[in-house]
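Below you'll find a set of structures to go through.
Next, two complexes with chain A in common: one pairs it with chain B, the other with chain C.
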Partner chain A sequence: MSRFELPEIDATRAGLVLFVASVIFLYSPVFIRPPSGTFVFLELAVLFLLYALILIGLNLQFGHTGLVNFGPVAFFAVGGYAAAILTANDPYRAVGLGFAWPVGLVAGVLAAVALGVLLGFSTLKLRDDFLAIVTLAVAEIIQGLTITFRDVTGGSIGLQNVPRPIADMTGGGGGAELFATIVVLGSVCLLAYGVFHRLSASPYGRVLRAIRADEQVTETLGKRVFRYKLVVFIYGAAIGGLAGALLVFYNGAASASFFTIDVTVIVWIGMLVGGAGSDRGVLGGLALIMGFQLFTRFLNDLLPFVTQDQFASIRLVLVGLLLMLVVKYRPEGIWGTAEELEADS
Partner chain B sequence: MTLLEVDGLHRSFGSLVAVDDVTFEIEPGEIVGMIGPNGAGKTTTFNCISGVLASDAGTVTFDGEDVTNVPAYELARSGLVRTFQQTRELSTMTVEANVLLPTPAHPGERAWHAITRSEASQQREREARKRAMELLDVFDIRSKADEYAGTLSGGQRKLLELARALMLDPTMLMLDEPFAGVNPTLTTELVAHLESLNDDGLSLLIIEHELETLTDLVDRLIVLTDGRVLATGTPAEITSNEEVIDAYLGN
Partner chain C sequence: MALPLAQELIFGLVIGSYIALGAIGFTLVYGLVNMINFAHGEFITIGAFVGYLAVVFGGVSLPVALLVALLVAAVTGWAIARLTFEPMNDAGAVPLLLMSIGLGLVLRNGMRAIAGPDRRNVPVAVTTYRFDDLGFFVTSNQLFIIGVTLFAVLVLHLFLSRTMVGISMRATADNERLALVSGIDTRQIRNAVWLAASGLAGVAGVMLAVSQSANPSVGFGQLLLIITAAILGGAGSPYGAVAGSYLLGVGIAVSVAFLPADIVALSSTMAFAILIVVLLVRPGGIANTEVRTS
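And now, the complex of A and B:
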C-alpha cells in the first residue's frame, strides 16, 4: 500500500540473477573503466549500497516491528572489525590473522549475530525506550573499544592490509574496481531488499506489524512475540555485520572513522524521511539524504571563505532542517503511509 | 469434565492483595458472568488466568491440562482466548489483517516459508482469508475489510475484536466488559451474537459492571469483592443474596 509503487518485479529473483552475473563479470577478463570525473559519485554510490544494507535491516526492526535500535552502527563495526582482524596480513600495529576473505566475511556476520543475540536476550523483554538507550550506549562503547584497544584494532590509525577481493579480481585499474564493486554490492543489495521485502509482505510481516501496534494483543492472539522480536533483531544484526565486512573488503582497511555515530544518524534520517515501514521508501529517503550531502559538498566549493570543517557543521544543520520539514509537513515520511504510522499530518 | 478450573488463585502487588484465593469452575457450554465493584480483582483474575500476568499461587486447569502461568500465546492456541477491557483493535492495520493475524498454525509466519513463498503458506493464507471473510460477514463489517481498523466506529471495533478472537477457533472466550460504552442497540446485537456462539458450543466467561445485561444472558454469576469470591449462583440466587446486595448492589 505504499505510494512508491513500481511495476512488480520480483527483486529476490532479479537480485539472484544479477549476483550470479556480477560474479561471472568479476571472474571474466572484461572490465569497465569509468571516466575519472565520476569517481566522486561512484564512491558515494558504494557507501550508499553499504548503508542501504544496514537500513534494510533497520527498517525490518523499526519500520515493521517497532524495535527502536539506535545503534545499527554497532553491528556494522563489529562485522567490519571481525572481518578485518581475521583477514589482515601484517597490519600496522594491530592483530591480523591472515585468513582468506570468505572466512572474514562469515566471521563478520557471525560476530554481529553474536552481539545481536546478547543484546536481544538482555533487552528485548524490557520496554521500548530501554532498547533505544541500550543500543545507543552499546554503539558508543564499541566505538570506544575500537579506539582504546589499539594493539588489536590499530586504534584511530586502523587496520591496514585487509584483502580487497573485488579489486584483486578486477583487472584494468583506474577505477575499474570501483565499477565492479558497485555491480557486486548492487546485486547483494537488491537480493537483500528482495528477501527482506518478501518477509515483510508475508504473513510473517503481518505478525511484525501487529507487534508494533500492540505486543500484548499479538501475544494473546497466539503469537510468540519475544521470539519474533529476537529473530528480527538478529536478522538486522546479521545484515549490518555483512555490510561492515563488505566495507573493509572494499577499503582494504578498517578504521574507527568508518564506524561513527554518523552512520546511525544517516540511516535513521533516511528511514524517517523516506517513510519507516515502506521498504522502497526508506531507500529513497537514504538516497535523498546522501544526495543532499553530496550537493552540499559542491556548494562548499562555491563558498571558499567557509572551511570544510565549518561546512560539515553547517551541513548537519541543513540535514536537521530537512528532517524538521518532513516531520512537520509529512510526519509519515515521503513514501510512508500515515494510517500505518498513526501520523497526523 | 470441567472446562476451566481455577483453584486458589492468588496475586498481590506489593502489600495490595488483588486476587485472594479465587476458586471457581466453568463447565463446557456455560455462559458465566463475573461481577463485582471496581477494584474487586476481576481484570487481574482474567490476566492471571490468561497468562498476561503471573500469579503468585494457585492453579488454573483448562480442558484437563494444567495451564498455570503458561505463556499467553500458548493458552490462546489451546483454545482459551480473551479480549481486553478497552477495545484493542490494531488500528494501524486493515480490518482484514486484524482478523487474519490470529490464524493458527500458519506456515507463512515462519521466515523460510515467507521468503520462499511456499505453497503451504499460500494455501493456508487462502483458507484463512475465506474464514476471515465469513467471520466479517457474520459480524456485518465485511464492507470495511480494506479500511484501517482505526477508522471503525466504537461498536464496529467491538465486533472486530470478537471476529478476531474467533479466528482461533476457541473453546472458551473470556470477555472483559464487552458491553462497556456500547449503545443499547449494539448491546442487543452483541448479546445475540454471543448467544448464537454459545449455541454452537462456545463457553463464555464475561466480566461486566452492568448486572441487567448479564442476568438475561448468563447461566451463572460469580461475584468478586476485595479479590475474593463472595458468592456464585444463578442470577436469581445472586440478586436475592443478602451479602451480595450489601457488598455490591448497595443499599
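And now, the complex of A and C:
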C-alpha cells in the first residue's frame, strides 16, 4: 500500500478528538452564529456530510469489494424512518412512539443492519449484476411502502416532531444549530472515514480487493468469500442507517422526499467520478458533484429563457454524460489509480 | 352467464403484451451482450414518440405507425449501442451497466428537455366489442396489441429456429468463444441483437403510447416490470421472457381486481417483491438459466 501517502494525522484519532471537542462545544453555553448569507452553503454542507457517510460504506462495498449495491438509499431510508418512528412525539397522521433520541439512533442502525443481513444472505451468492437489480428493486419497494403506508410513515407529508438533539443543545438559534450540526457531523464523518480507511488498508482490505479481482481464486486460497461479502455489505448498511437517523434528527422530520433514488444517483456518480476504491478520491468526487449542482442552481437564475423544468432535465443530461465519459475514458476516476482497480493489490 | 376473471384476463394479456415486447429485447441483450441495459426503457420511449409523431403529424394509420416506429427505434437503438456499448464490450458487466445508466439519464432527460413532461395522447379510433352475457368487453386496440405481440413472438420463434442468423444468435448466447471459433462473426450477431431488441422496444412504445400516452418516462416506468418479467422467465431466455411477462401481466390485473384498494397502490411494489422471491427460490427463473457464481 505504498501508493497511499499516509496522512500526517491519523483520521481516526483526529475524528475522535474532534468528536469529543464537538460534544463539549454542544454542552457549553458558547455558540457560533454564521451570517445568514451562508445558510445555503451550510445546508448543503450538512447534506454533503450525510451523503459522505453513505459513500464511505458504499466505497467499501463497491470500491474495495466489488459489490454492486444500487440501493444505498434503502438503508438510509430504513435507518431514518426507524429512528423517526421510535422518537417522534405526536406526529400528524403517523406513528410516533416518543422514545429518547439515543434509542432512535441505535434502532436506526439496527434496522438497516437487519435489512442488510436479509438482503446479503439472499443475494450475495448470485451473479454480481443480480445484486444490482435486487438492491435497486428493494430501494423502490421501500419508497413505495413509505408512500402507501402513510398512516405509519406520514407518506409524502412526512413524520414531524422528531427530536432535534443538536438544535436543542445549542442555544442562540438563527443558524447556530446549523454550525453545531456541521461540527458534529464532520467529526462523525472523519471518524467513520478513519475507521473504514484503516479497515481497507489492513490485510482484511487486501482480501476484499482479492475478492473484487477474482472470487474463485480467493476462495481457493481458503478465504470464505461469502462471509467477507456479507460482513462488508452489513458494514455499509449500518453506516447508511446511521446517516439516515442523523438526517431525521437534523431535520426534526422524516419524509419520503428525503429518500428518493436521487440520493443513490448522486452518491454513485460521486464515487465513480472521484475514483471507486480511493477512500479520499470518492469524497472529492462527491464534493464535485454536489458543487456542480449548487453552481447550476445559480446558473439557472441567469438564464431566464430556460424554464426550471427544462433546466432540471438539462442538468441531469449533463450528469449522465459525465457518468458515461468517466466510465468510458477514465474508469478509475479522477483520483483513483488504474492499478488499484486491477488485481495487483 | 358471466365468466369470472374473463375481464381481468384480457387486461392482463394487454399488460403482458407490452411487457413481453420489452422483456424479449432486454433478455436478448442480456444473453448476448452480457449486460443489463438500464437504458432499455428509453428505447421504448423513443418508439412511443415516433409512433405519436407518425400518427398525429404524419397522419398515418396505426399499423403503419407501428412499422415506422419499429424501423426508427431499431436503427436509433443500434446506432446508440454502436457508439456507447460496442467500443467497451470487453470491459465487463458492471462498467456496461453503469454506462447504460448514464445513457438512460441522458436520453430520458434529453427527451424531457425537448418534449416537456406532458402526456400526449395518440388519437386512435376505438371500437368496443361487448359480450355482456359473458360479462366482459374487449376493444379493437386491445385485440390489436395482443395480436401484434403474438405475431412478433411467432416471427421471433421462426427467426431463432429457422434462419442462420437466429441459430448463430442462440449459439453465441450459449457460448460466445465457442461460437467465435466456429466461424460465427459475433460482432455481426451483436449488431443483429441491438436491431431486434430496440425494434421490439419501439413497437412496445407505440402500444404504450396508444393505451396510455407518450411521455418522456413512459418507457422508464416499465423498466422494472420488464426486468422482473425477464428474470421471472429466466434471464437470457426469450421464450421464458414471454411466459414471465404474461404471468406478471395477468398477476397484476387479477390482484388489482381482488385485493383491497390500499394494497393495489402497491401493485408495482408487489412486482418487485415477486422479483426478489423468484431470485430467492429459483434464481434461474422458468427457463432455469445459470446465475450462480459462488
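In the analysis below, the second predicted complex is superposed on the first by the 330 of 345 C-alpha atoms of A that agree within 3 Å, B and C clash if a C-alpha of one lies under 4 Å from a C-alpha of the other, contacts with A are read in each partner's own complex, and residues count from 1 in each chain.
The criterion applied here is as follows: a contact is a pair of C-beta atoms (placed from the backbone, for glycine too) under 8 Å apart; a residue touches a chain by one contact, two chains touch by 3 or more.
These figures come from a predicted structure and were not determined experimentally.
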- prompt: In the superposed arrangement, does A:F99 touch chain B (first), chain C (second), both or neither?
  reply: neither
Partner chain in contact with A:L272 - chain B first, chain C second, else both or neither: second
Message: In the overlaid three-chain picture, which partner chain does A:L145 touch, first (chain B) or second (chain C), both, or neither?
response: second
Query: For A:Q216, is the partner it touches chain B (first), chain C (second), both, or none of the two (neither)?
result: both
Field: Touched partner set for A:V225, first chain B, second chain C, both or neither
entry: both
Query: Counting only touches as set out at the top, which of chain B and chain C does A:R127 meet: first, second, both, neither?
result: second
- prompt: chain B or chain C: which reaches more residues on chain A?
  reply: C
- prompt: Between chain B (first) and chain C (second), which, if any, makes contact with A:V317: first, second, both or neither?
  reply: second
Statement: chain A residues contacting chain B in one complex and chain C in the other 216, 219, 225
Field: Complex interface listing, chain A residues touching chain C
entry: 66, 68, 122-123, 125-130, 132-134, 136-138, 140-141, 144-145, 147-148, 215-216, 219, 225-226, 265, 272, 309-310, 312-317, 319-324, 327-328, 331
- prompt: Across the complex, what residues on chain A touch chain B?
  reply: 12, 195, 198-199, 202-207, 209-210, 212-214, 216-225, 231, 235, 339-342
Message: Give the list of chain C residues in touch with chain A in this complex.
response: 35-36, 84, 87-88, 91, 93-95, 97-99, 101-106, 108-110, 112-113, 116-117, 224, 227-228, 231, 262, 265-266, 268-269, 272-273, 275-276, 279-280, 283, 291-294
Task: Over in the complex, which chain B residues touch chain A? Could you list them?
output: 50, 52, 71-73, 76-77, 81-82, 84, 88, 90-93, 97, 100-104, 106, 108-111, 113-115, 117, 121, 124-125, 148, 150-151, 164-165, 167-168
